[in-house]
Every structure is written in C-alpha cells, then in structure tokens.
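Chain naming follows the written order as A, B, C and D, and within any one chain the residues start at number 1.
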C-alpha cells in the first residue's frame, strides 16, 4: 500500500510538457506518487495501467475505463480527460454510481477561441481580410466606398448558438460593443440566460434577427446538420455566420453556398475533413474567411488544461469536490459525439 | 432683424443627407431659421455667406472665417466644423476673444475606428488574414502549427500613442481582454491617465514593453515622423504596430521595412499618398494588413457628426455651453496640421 | 401509472405563494402532475408522501428521504430543497449512487444579501448610521470633523472569507470601487480565485491587510468559532468586520468586544440566538451595526427560490442535467451544519 | 523679470497641507517660482497680491480678480479655485476675453460623495439605519417582517437630477445593480445622456417613475426650490429621495414633511442653515437619514483637489490646455449661486 495517493498521468495524444508547466508538475509530485507515461508513441500500455489501477486515486488522461477496470480501481476518485472531449471509452454510468468524477478542462480553449471569434466577426462585418485582398489585387476602394456592404458590430443584434464556456467567454468580450445578444441553447433554461443578460430565443427567431451568428454548439446525437439551407435562408442578406465548434452541426455544402451567392459572409474554423483537400473549390470562394482549426490551438490554452486539471486534482486529493473542470453529466455524456483529436 | 436666430448650414465637402438624419434637420428648422447650401459642387459662394453673416448665430461648415468676417458676424456664437478637422482658415484667436465656440464632432469616428483597430489587432496577433491567404494559396498549416508566431491579445501589454477620443473608445473595447495598457500622450498629465486605469509612459518605454502598439496621434507641427526606424527597433520582434491616424506621424518607408523584414506585424489605415499607386510595392509585402482609409468611413459615423453638431447647436441657441463636440483650444489649435478631406 | 411525471411540492416551512409566482406554478402544472401540500401547519403527512413515492419524479421540499424511502422512489430524479440548506434528513450517499440530484437554490439570496453587505460596509466605513444617531442626539460633528476615523471603500483592501454565491454577488457590486480583493476559502483553488480577479490568501494574511472583511462562510463540522480574539487582533484598528452568514463561525462574545473597545467596527446580520434577548447588552454597544437577520429576507429572494427550482425541475423532466441550483456534493454535504429555518 | 514663471498659491480658507501632498508641492516648486500664503488667518493681503500680479502666470486660490487686477496681470494664464466653487469675485468675462482659464477641481469630491450617496440609498431602501435604531430600542422585527416596506436597489428605476461629476461617479457605482437610470439635467442634451446609457426625462416623469431619486443639482439663479410639495407628490409612496448637493434646490420644510408623513424616505447631507439648531425638530423625524455635510469632506478628496490643480497647472506652464479641472463657462458661470465654504 503506497504511503501517498497515486496519480496516473498518461496524456497521450498530448505531451506532458505541452500541458503542464514545471510548477504544476511539481505540485502533483508534492501531493502524490506520480506515475507518468509520456513517450509520445502511444498511451500507457494496458498491462502497466492495469497494474496501477488498485492504487490509483486519480487518472489524468483519456485511457479506456470500462467497468472491468473500474472494478479494480477501488480508490479511484477522479478521471480528468486532458484531451478535453468526453470519449465513449469510459463506463460513465459506473463512474457515477461509484462517485468517481469524470472531468475535462474544456474551458481552457474558451479565451483564445472567443478572441478569434470576435476577431473574425469584426473582420467579416467590417470586411478587413477582404479589403486587404482587394488592396493586394490593386482593386481596393477608398473610404466610404470601401465599406459598402459593411456594418459595425457595435449595437448589432448578435446570436449565439450553444452557450457554454465559449459562448460565455465571447459574451464577455462583446460587453463593450453594446450588442443585443440572443442565445439559442436547448439545454439551458431561459432563467439562466436572462440572468446573464441575454435573450433566449428559438433558433428560427435568432437567425432572423441577428446580423452576426456565432455557432459554438457541440455535436450531439441529435443535432447533426441542424443548420442547413432552410436556416441560412432565414438570415438577413449580408449577415455574418461564424462556425467555431464542429463542422457536423451544419450542412457544410449549404453553408458554403451562402458565401458563393453572397447571401452571407461566412467564417469557419472547422471543416468536415481536415486537412482540406488541396483542390477543394472552397479555397477560392468569396465571402468566406478560412481558418485551419487554429482558433483554440494556442500554447497557453494547452497549459491552461494542465492548470485546471491540477487545481481539481489537488482538491480531490484533499477530499474536496472539483470546482474548475467541467463534469461529465449522466444525462448528456452519452449524447456527445465529438471525434478525438489527433493532436491540436 | 430675424424673428429666429439664423443657422448657416454649409457642409461642403460633405452633403447634408450624409450627416443629418431627417429628424435632426427638423430640430434645427424648429429652433432656428436654417439657411442651407448643399449643391455638392462647392461651398456657399462668398457673397451669399457674407450677406448672412450679420444675422448668423451659428455656422455648421468649414468656410473661411478670417477676422474681417468675424467683425461682421456680431451675433455669432459658434462654428461647428462638420468635416472634423480644425482647418487654418479661421482666425481662432479672434474667435476666442469674442467667445465664439469653434467645435468639431471629432469623436463621431471613434467607435468605428476603435472597432477596426481592435479587429486589426486581433487579426495581426492571431494571424487571421494571413492564415486565410495561406489557405487560399494551399499553404495553410493546421492547429498549433498554424499559430506559430501568434500571440493572444488577452493579458498582453498594449501601448496607445495619442489618447483622445479614439484611444478612449479603444480602451473601452479592450477592457474584457485584461490587457495592461500604457499610454504615451505628451498633452495629457499622468494624473488623468492613471485615473482612467492606464500607465503613462515615455514613448521609448512604451515601445519596449508593448506587444501591440496603437497609434492614434494626430499630426502637429512637432510630431512629424516621430515614429521611425529607431523607435521600431525598440519593439519586440513579432509585435504588432497599428497606424490608425495619420501617415505623417511615422517614417512610412521605415515602417514598411519592419513588415518586410518580419520584425513587426504592421496594420495601417492611412498612407502618405492616397490612393496608393497601382504599382506600389507595398501591395506585395508580407506581415502587412492594408486598409484603404476605411476605419472610420462608415455611414453611422457621418450621421453621428450631425447628431453631435445638432445637440451642441441647440444648447448654444439656448444660451448654454456646448458639451458634446470637441472645442478648438487656443494653446493647441495652431499646432494641428491635418489635411482637409476630399470626402470620406 | 400516471400519464405525466409526478412532482411533489411540499415546501413547508415555506408557503407555495411565497416562493412560486403564478406563472411558475403554471409551468409545473403544464409539465407534470403536480401534487401540492401547502396548509401551513406542517409538512405533508408521512403516509401521503409514502403513497406518492413510487410515482414521484421530482420532489420540491425538505421532507426526510432515508434509504428506505429512496428504495420506494424508483422514478425519482431530483430533490430540490426550497428552504435552501442541505439538511441531514436525506441519505445523500444513496441519492448519489442512484443518480438523484439533490439541489438547493441557495444563490437566491445572494443579490439582496450582497446589497445589504455593501450597504453595511459603506455605512461602517463612512459612519452613516453612527452619524445619524449622533445627529439625533444633538452631538453631530460637521464636515471633516464628522468623518474622523472614517475611510472610503474606494480602493480599500477588502477581504472575503468564504467565496460562494454571496461572495460572487458582492464581488460584482464592488467592481466599480476598485478595491483590492483578497479571498480566503479553503475549498477553492487559487487558480479559480485568480481567474476571477482575486488574490487567494491564508486567513491571517487576509485579516492583516484588509480594511473591510466580509464573512460569508457557512458553518461546517470544522470551522466553528474559527474567527476569535486572536484573529480579530490581527486586523488593523478601525477596520470593518461584517458577519453575514452564520453566528457559529465566530466567537461571538470576542467579536462584540472588538466593537466595545473600538478596535473594530462590526456589522452583523446573525446572532447565536435569535431573537436576541430584550436585555442583551449588545443592544447598547458602540461601533456595532445591528441587523435582525434581514439581509436576505426579501420577497424577491423567496420568489427567486421558486424561479430557480422550476428552471431546474423542467430541465430534469426533459432528461437534462440541472444547471441553476447548487448541487449537494458527496465530499462536502456531510460537513455542512446549518440549522433549519423557522420561516424567513 | 523672473527666471521662472510665478505661481501664487493662496488657498484660504483651505490650508496648503490639506490639499497638497508634499510631492505635489515639490512639482510646483520645480516648475515655477512658487509664492505661498498659508497662515490660516486669512487670504493673502491685497498689497502683497497686487505686487505679485505682473509676474504671476498662475493663481491657485480664490482671491478677488476684478478687471483692474486682471489688467495688471499680463502674464496670467490660469486661475484655479481650490475651494471648488466659482465665486462672483472674478470678472469672468474679462478672463475669457484674455484667454485666462478659470478652473476648479470640482470632481475631487465626486468619488466620496457618490460612495456616501450609494450607501445612503441602500440604507434607506433596505432600512439599515432604521433597523439598527429599532434593535437598540428593543423593537426590532426579524427576517421578512423586518423588511416590510423595504425594496432592493437592484433593478430599481433610479433618477438622477443634475448630471455632472457627482452623477457620473454615482452612475459608475450603480452599474452592477442593473438599475434603469433616468436623468434630468436641463443643461445637457439627450444625445449625451443616451450615449452614456441613461434615459433623459423631464423632471415630472423622472419623479413619477423612480424609486430612488438622487439630487446633485447645484444652485443656480433659476432653480431655487424647484423641488417642492408638488414634485414630492409625484413620487411613489415609500420611495427614496436623497439630497446630496445644496439645500436651496429644495423646499426644505416640504421635504421634511414627506419624511414625517411617511410618504418618502429622505436622506440629506445638507441643510438650509448649518449647523442645524440644537432644538430643530428635524432631529426627531422618522424616515429621515441625517448627515452633517459629511459626504464629501474626506481628506483624500481635499488632496485630490491639489492633485488636479497641479496636473493642470503643469500643463498650462507648458503652454498646453488644462484637461483635468472643470472650466468656468461664459454661459453658465454667472448663473451659479453657491455660497463659499467656511472650511470643509
């Protein structure tokens, strides 16, 4: 029996140094016996993990945890997924029954994604990238003429589809713009949205009124392609549509068509297949701002994953509930359908 | 002697409909005898203006007002320049002696310029336009690799050079980013800057510490080209430099060289000569975000000129001091050296 | 078997009309078969509750739920305590095992308590009540003399002991005062406090530096009387100490002595025994601001209990996780030691 | 002719040490030849001042400056009244003609007055002082009963009468309360108030809708007693009325009657005669919160007078316009009718 609780740190496909500052690693080592697997080639071998299970108090990583393994992990209090998606390789029901927290520091990406989303929104509303391209092509228009079709984000009606950590972070950045912000999120009550200063709206109503729509909704079993041609048609001509979460929530070809016809100005950070094929015609579309899954992929976001994980790990080691990471919820975890990352 | 006070509205090179909403025009007509010259071809002919001078209480426009004319305008209480620069065609000293307010609704452009400045800052810090261009060229890099050399505005040290309406508007938009904001403005005391939450700094110190520098300084008799190669060399490699006010405050070729060498990421809304020559090599520079004097040139900014002008006009008609527009100051008006607009 | 899910509403010692607006009640009736017990005399009789258990999906109230009852409540998804304390009459472990949410809309009181706390803090720092009393006694002092010993909250170092809903609500109200806010809360990591703009501090350090200390800590098995003579001695003379949560967290006589000697200015909303005895000498102490458990007891706070409860109830009926109320946590629920209310 | 410009510092009835931190005084001495009169007995003797006039560049104080003196003060650029009222002992018209700035650091009191005003508003809305008095009388009521007739400031309709530095400072403190703020100020245009997030309203409409009315209006030749019985009758029963500026703007006996009848809850920092007579019956009125002209009288406010004065003095010495202090305006300075202080 170990003198100290045991933490298994097996962050594959992430690397320890990408997510843990030296001082965070030191905090873990101070508080626990830390077993690390970080060779970059793959996750901890099964036999090694199996051997550690009886002593493990916490696991930081995304290894499979079926019921059989949970049975052998009698001391386990928490599993922290540092890749930031709840994968289907865990028996969540069994975790809930045993009171094992399953956590993810998903909000780590929120500040940098929100910043990018705001930057892309201003870019499209005010035509920044487009104007630079025209300038380089010798076709720029000056002053008022150069702003034809543009609008200011200030005071504009804005819609947020899917209001979690990303939406909250964006909402904070929008505050000084005085936008009238509506939200559509079927998992959140009007009470909560109104208390945070937003108007809850059905999707159709939100699309009709908003000059800028931010999509942060994750993919679930129920919402694939819920934004398609019918929904885009509801938006006012020349409005801005930003896809910041997962390509599968939109009908992607229908979305690209809005850019092609000029009905909407589109910005997207995600694509149905990444990387995009070299000859994909979307590379030549007007009214389209292209971002190669860069919105959240900043070193400080990865380090924040570690900061959050360690903060909650230390709480759980003290017998306290975690308060920083997002918890898997029995009602919703089975509905999430995000693909695992390779390494972003 | 007229039953009502007389207002002369002669907005050339602007047009009445560009700056005055119908309800504003109606307010002026209710409160005064309004004489309008708005044929688009040029300013009010001298003889007509001369004939109106004895009755004029207010002038909205940028006509010449030498002492000889002021002598004939005994009722005049205010002159509102709706082009928004204090031009040298007015005998300011004589106006001050007579208690004639000379005003300009210069802050009308602040919200849209600040929005563009923030958008361009995020764009350059996070590489948004550059990443779109690479994507279109088939050379995009994905995820973390695509953010090489990028940084987040969040928490970054920011410097503002020249803190007037534009700087204030930007400062508001920056609030949720938690930036550490320093200001260099030789016309403002440390007391005022500290009270508004900023650190007053000498120019050199500001350039050394700031990852993003916003230049809003107007041109004066003293500050032409005050930002040149020596100053750029003080900035950290990969930092962002945004020129939002007047080209003459920088050594423009030296600035472009920073982009060419990759020392800085540059954004500029202004150019030494506008329009820029078709074959100007700046059109092909990397690390340069080009905006064809578009930052402020939005219809709502022009209408705000009228809103501000009318608000102060109505106050002055009631014998009250103007409180909205910026006043020409005896100490500084002679130092300003802005070129008049053609029509932006 | 009922066509609709069954909700048992048994709010004793609260009354239905105190906590549920008519529209909230209508929402519950629309979504479920609502069984109400609201005669004011006492809780639902055991036999009636027992009969409802097999069909109950949700319970709004604070009735006892030992394991034997949970065994019979196979459909139960949530228990919402509308009295707002987690009482020891529930088998929490069994609830957690079964995935039954145990919730309380505890934040309902936060806005009005925070408002009172801020009002009392300004009152004590600036001597408002004391100056009014002196004025009525004919002993007022005017102007500067009348502010002797007073200080401004603006920019003052402030300490918050116990940072939950109340602390958060107060922190929001303090924002424009520009205070330097430190927090002591052993259940929260530094990471979270720093992210919200506060400095985490050990209790001693917090007491030494803060001119105003707000105590919002609830009572646990571990923190009875943790603020006593030794702690008060650490505070600077003339500082303000506000007890807004539970009398048991302080050594109450020691606290009163600080007021008597003038070492501190004390405000308290709670007392070891309520009501306070008619002849209690605390009624005559100087430097003491007395509030008869009034901080949170506002009708809108009670109605917010209902708003929160219904918002989460409707989510749970849709198979979604509750997001508004606070959840009982397996690690901490057994440590809470709050006395039930009579009816406040 | 002096090597340095001369500043005359004659702050009577204030004392130098009350308003000038040592470092401020040092800054003045560095920049100018500083002549100080500070014996506490009275202002600088006329003959001494007269002798200094030809060399004086700036005057800090409230000595008389009729045209005859201005004639002899050819170098004078600015007069800064450090008592903070524009007194009628200056020939303002002549100052304006000569381009001499007449300034006052009036906003120095704004932060502490706003803090007191907010504290008194919460006190009256939530009954804090009243509840303490009842507690001391053994007549306290507990919990909900103790809040009868109270209301929360949160979200309440608030009215501000007179929107200058004080109103602005209060408005900032009110932000997190989410109040709906209306303003009545006949000297300010709707444009400006709307831009700052407030609703401009005629006085009657403001009084009808506001649960809390803050009066910051200064006395002018036109507004004596403009708030009387007719106006109070418009307010909703149980609302809060706070007089923070000058007693002369209200019909004081009518105001006290509102407290006596219980129609309003009144707070006042000012009185028609100060000090108030020992046997004045107002000392026994209910629904009245009494403050002996203490709102602004804090040492830090006095030191801020000096900070502001020195900031602008140094600008003027450099030939720059002052930007911190408030300027006397030709249109309004003759209308102000504030009594000079003795020493507050």
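Here is the rule we go by: a residue touches a chain if its C-beta (ideal position, glycine included) is under 8 Å from a C-beta of that chain, and two chains touch if they have at least 3 such contacts.
None of the values given here were measured: they were computed from a predicted structure.
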item: Chains touching both chain B and chain D, listed by label; value: none
item: From chain C, the most remote chain by mean C-alpha position; value: B
item: Between chain A and chain D, centroid-to-centroid distance (C-alpha), Å; value: 51
item: Distance from chain D to chain C - Cα centre to Cα centre, in angstrom; value: 38
item: Residues within chain D bordering two or more other chains; value: none
item: Chain contact graph, described as a line, ring, star, complete graph or other shape; value: ring
item: Touching pairs - complete list by chain label; value: A-B, A-C, B-D, C-D
item: Contacting residues of chain A [partner chain B, same complex]; value: 111-112, 115-116, 118-120, 122-123, 126-129, 131-133, 135-136, 138, 140-144, 146-147, 150, 152-154, 172-173, 175-177, 274-276, 278, 283-284, 289-294, 297-300, 302, 343-344
item: For the chain B and chain D complex, residues of the former touching the latter; value: 96-97, 99, 187-192, 307-308, 310-312, 314-315, 319-321, 323-324, 329-332
